[in-house]
Amino acid sequence: MSLGHATPATGELSTARRAVQPVRRHQLFHQPSRTAFWIWGSAVMAALGIVWFGVTALEFANPYFLPSPGAVWTAGYEMASTGQLWADTSESMRRIVIGFLISTALALPIGLLMGSVGRFEAALEPFIDFVRYMPAVAFVPLTIVWFGVDEGQKYSIIFIGTFFQQALMIMDNVKRTPLDYVRVGETLGLGTTKLLRRIVLPSSGPAIWDTLRISFGWAWTWLVVAELVAARDGLGQRIVVSQRYFDTDRIFFLIGLIGVIGLVLDQLFKIAGRALFRWSSTERG
Amino acid sequence: MSLGHATPATGELSTARRAVQPVRRHQLFHQPSRTAFWIWGSAVMAALGIVWFGVTALEFANPYFLPSPGAVWTAGYEMASTGQLWADTSESMRRIVIGFLISTALALPIGLLMGSVGRFEAALEPFIDFVRYMPAVAFVPLTIVWFGVDEGQKYSIIFIGTFFQQALMIMDNVKRTPLDYVRVGETLGLGTTKLLRRIVLPSSGPAIWDTLRISFGWAWTWLVVAELVAARDGLGQRIVVSQRYFDTDRIFFLIGLIGVIGLVLDQLFKIAGRALFRWSSTERG
Amino acid sequence: MSAVRIVNVTKTYTTRSGRTQALSPINVSFRPDEFTAILGTSGCGKSTLLHIVAGLEQPSTGHIEVNGTAVSGPGRDRGMVFQNYTLFPWLTVQQNVEFALRDLPMSRRKRHDQAREYLGLVGMEAFAAAHPSELSGGMRQRVAIARALSYQPRVLLMDEPFGALDAQTRQGMQMLLTRVWEEHRMSVLFVTHDIEEAVCLSDRVIVMSRRPGAIKADLAIDIPRPRGIDTLTSAELNGYKAELLQLIREEADDAQTAASAKRAG
Amino acid sequence: MSAVRIVNVTKTYTTRSGRTQALSPINVSFRPDEFTAILGTSGCGKSTLLHIVAGLEQPSTGHIEVNGTAVSGPGRDRGMVFQNYTLFPWLTVQQNVEFALRDLPMSRRKRHDQAREYLGLVGMEAFAAAHPSELSGGMRQRVAIARALSYQPRVLLMDEPFGALDAQTRQGMQMLLTRVWEEHRMSVLFVTHDIEEAVCLSDRVIVMSRRPGAIKADLAIDIPRPRGIDTLTSAELNGYKAELLQLIREEADDAQTAASAKRAG
Amino acid sequence: NSDVPSSSGDANPARVSMGTQAWIGYGPWHIVKEKGFDKNHGIDLDLVNFNTDADLSSAFAAGRLQAGNAATNTVAQFLKAGQPRTIVLFEDTSRTADAILARPDIRSVADLRGKKVAFEEGTTSDILLRHALSTAGLGMDDIKVVPTPASDAGSALISGGVDAAVTYEPYISALRRQDSEVAPIFTAGDKPGLISDTLTVNTEWAKKNPAVVSDLLLAWNDAVMYYREHKQEAQAIIAKGVGVDVADLTTSFDGVDFYDLQQSNTYLTKEFPETASVIEKVLSSTADESASGVSIAGAVDTSYGAKAGGAN
């Protein structure tokens, strides 16, 4: 940063910022260095891997309960070599992305209005609050009745699982727009639409992006439920099928794969967010 | 509040607080009054109810797709009159509470340590981040293998769906402890344990409570999944059985009931939170 | 004709927890080239008054006139600088100033140049491409002033614009504001609770009593212009300061007594 | 013997974005009953220095001695008052003060009384049962001072304790602190960037240069005690103020030039 | 293995955990519980309800169950997965309780060509569909497969998302009640024995507790006898056990034949090998290596039944 020296700004603001990412003598609230993060993180993962390997190698556990790393890897390799794995992954990815986009396309304007116009909040919050407790799984039969057995039904499950949380979270993000920003716009004579477009939306951009990142993660949770019905490909469907044939090796591999994909996408979201919202330093990590 | 007049404190802090709950001329960011909230909220719910009633009364929709309010009510009444509904509700409630308590009992210390001791965060965050994307639904066969078909298996599903999110959120809550509070403790010579117990924990209390409230809501989502297997009672099991007999009336009633229970518990959590953390005004009203 | 006239204005806030009277009836007017400081303890209603003049809040009774016309909403005839840094963090310094000029009938080129000109006025043209987060507090407030001046409002409302700056930066900013104002002259309403700042900047100091705010004193400041750094340690300033200090302390004592009484009762 | 001796202390922060030298070698000591103000622009390392004395940060080189003994961590011989209100919001005023006395070998009764005594010292006993959120900023800082004094540290470290208060409240607090200190006498290190505050409170003012912080000037303040509200407008104060203003302005100018140069280069 | 209880005299009834599903063919076990036939034979039966074969199998494999009810073809999958199971009882055959249902424009199996069919792969529905298609000279490639759990296949058909659905009772009755236009075009009765159910037990456990297994079979026999003598009460008990009104199930019962112990013994020794080979053939046509190449008949052990039958 070329202006690094100018950053410390006023004591107050910078103290507030530092409180989140402190560098401290005491072991409490000492933010570990990036290297420490990698070392500790990998160490724990490696340790878990070794325990897993050891337990299965010494045959402490029935391989049906806990398959060995080798077996899991082989199962994955087999699926990959037939091209099935790739087809499943891309199919699931497509479903999640579309379901997520539909949800976002609706949640964004609704959340924006709910967060900024009191009457919208009053009108919609009770309803959304009510619906969001309803278990998405229970909607499966209804979605079949309503949307049939094609892709629409799958999107609808992902939508039901995602939309209501998204709308509430975006509402919250928007509410945190500093009122003074809006006031500046008002003194310039901007009307409601321009205030929303030019000030409220960009101001809550980083927080909304974070909401999208988190809710995209949740969308994966609904994949298996979405693919229960009438799916020929897809990681969720593959898990269901493997379940039927008691293929724990595959289940392990597939669940792990979903975990890895989730982790990678999360990082991509974070990187994209940092690039998009360079001006914002509020993001963690 | 007997000291009301003393509250406005310094301009700065109170401005910050006001930004969240502003009272404004402009329609933007104008917090609606409690009455307006009730009126608008009920109006929307009532309108949806009337549309529902109208559509079914005029037989626009196949009652199997969309049963009439009357049919849903009758279905509910029947279940209630045999005492079955009450048995199901209390059974589900018990499962959720126990699963949630197990999860919380583990997430609380782990989140506390991850949020305050950098090495814990470094060690556990990657692992938890990895696991939390894995769809809880996919774990059903594994939980049967690991925990059998008794109640333990049901708790384990609720645990898997709740714990990882909880741990990460509590970590985040704890991280927001103002560093200066900890510094005060340090100048008084307190060691790590006392700092955690006397300062970090009470300071992040309201935020942790909020996390518990939200994650308790999520636990309901997993109920149907948890009760898929070997359950004799429970709202989730009842939904599964109704699904089997295409009993849309019952499904509607049960999903609605879960929504209402969720809403009520959420309010109870909020009320309890306000009573427990009277000193905190950061909670949304 | 007055630049701003405040007629019989009162303000009562109604919130969920009750009603707060923030202002008792206020009547006062400001000349077009007058620099007025408004002084008062925290919570006495200074911001409320300024927001009413800006049109950001509606008065409960009474009204505001700007250049002889009653106004009821915000408008470009009144510019405002806030206490907290209100630059938009997602825009560069240049874009922040241009933001105020959008929607005006002028070419892109003209808008760019005009923004650059006002950045020059506050000595910030070198930072046109920087984002607010790269600037210190003082630099940010300089840009905020440039933004408020750029569309040439007749009245400039400043709500503790230097309140969050450290003492040294604050002095620099006071000198800068004095210089700019002495060149451009307009009606300024400057809210502060720093007595020295009030005296050293203005032609007139209005002291407000504590809540519900009312005008307690209205003092002309006869320190010759142009003013400079020496004004800060001049004997005249010290005289006004002692006088205002006395006025303010009466207020503070009242408040203290009231608080203790309420507590005990 | 000095209450506090700072020996060859430097501090360099290493963060993910690089290394920042906050302090160049500092050598200075403070007498047991001396009230010292530390003055400097924002970011010059005042808080860093205070935290090192408090034992909250480790110096990169050098060490600290308290009453002739080297110390390396925090301890009850040094009390601290922070800029932002650091009362625990979940405890009442009384409990906040008692918090500092827990773990000490005294009865509940004694602890209660001692806390109440110090609340009385700062005029807050009437609010013992209130929660911090019910108090104004000035009231909160009074309780924080009571808390820091209650366990009778030999050294009191104050990091811009009045920085967030409005000017009027601030004056009241300065008077309060002066009164308490003149009664109880101890070594005080008082960080501020308000020149007037520094002069009016202390026996000695240390001016720090901008980053990496070093001691630029060390000035004895010979204004007789007890001091009162008139000290604020006294001629002596004005003299010291002009002198310090000059010193500080050199610093500020340097910074301004450096910033512009860096930007252009 | 501590999970496996042993028969330790009549004073202390041997506990047997048995996995079951909401299929009326397993209904007599509910009669066993309700009427206390288990206690009469010195055992304590614990019926554990599952929604899918997969979940039941997981529990079985984990040693949580000593016995499990399953369709004969499902047993092949269990065996293929290496689970130590022994078939000890032939419980029932389905006649009209498994069926291919279709909209009115489809009148025969041959009409399914190019149509969307919803069914759950690897289940009895899969077997039935494959067999039906082969009778019409079709294969799976001639239809559009829509993999759907049996519980949802009906919904898929009603919603118009598919042209035909393969499912079983009680879904069939429920479905026809909802939509009277839907009619069966092929039922299990068209190939008797194809869709049938057996009781399997954990092989190891059975070897250690032969008496308990025999007692279990006797309890089943009592229940079937009771069913035959008190049809209405028996059906009410079963309906309650699977969670529906008896009125909703009456037609379903007509589609199922229960086998008593003697019938079972006979069937298992005489006809079962042939039935098994038909199933194996159909399974091998799935080209799903998870269920091919096993011998179902090889898993049968009639000794427990014979012993119980002899003692009877």
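First chain written, first letter: the chains are A, B, C, D and E, and each begins at residue 1.
As a convention for this text, a residue touches a chain if its C-beta (ideal position, glycine included) is under 8 Å from a C-beta of that chain, and two chains touch if they have at least 3 such contacts.
What you see is a predicted model; the values in this text were computed from it and never measured.
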>> Spelling it out: a chain qualifies if it touches subunit B and also touches subunit C; which chains qualify?
In response: A, D
> If you check the contacts of subunit B and subunit E, which chains show up for both?
Replying inline: A
> If you take the mean of the Cα atoms for each chain, which one ends up farthest from subunit C?
Replying inline: E
>> Give me the two chains with the most inter-chain contact pairs.
In response: A-B
>> Centroid from C-alpha atoms only, then distance subunit D to subunit E, rounded to Å. What do you get?
In response: 82
> Can you give the whole-Å distance between the Cα centres of subunit B and subunit D?
Replying inline: 45
>> Quick check on subunit E: which residues sit in contact with 2+ other chains?
In response: 54, 58, 61-62, 151-152, 155, 158-159
>> Which positions in subunit A are in touch with at least two other chains?
In response: 1-3, 6, 8-12, 24, 26, 64-65, 140-141, 145-146, 178, 180, 186, 243, 246
> So which bits of subunit D are touching at least two other chains?
Replying inline: 42, 56, 84, 127, 136-137, 164, 166, 263
>> Please output the residues of subunit A touching subunit B within their complex, sorted ascending.
In response: 18-20, 22, 24, 26-32, 36-37, 39-45, 48, 64-65, 116-119, 121-127, 129-142, 145-146, 172, 175-180, 182, 186, 192, 195-196, 200, 217, 220-225, 236, 239, 243, 246, 248, 251, 254-256, 258-263, 266, 284
> For the complex, which residues does subunit B have touching subunit D?
Replying inline: 1, 3, 6-13, 178, 180-181, 183-184, 186-190, 194, 198-199, 202-203, 205, 277-281
> Along subunit C, where are the residues that touch subunit D in the complex?
Replying inline: 41-42, 126-127, 136-137, 166-169, 171-172, 192-196, 229, 232-233, 238, 241-242, 245, 248-249, 251-252, 260, 263-264
> Which of the residues in subunit D come into contact with subunit B in the complex?
Replying inline: 51, 54-56, 74-76, 78-80, 82, 84, 86, 88-90, 99-100, 102-103, 127, 130-137, 139-140, 151, 164-166
> Taking the complex as given, what residues does subunit A use to touch subunit E?
Replying inline: 62, 64-65, 140-141, 144-150, 153, 228-232, 237, 241, 243-247
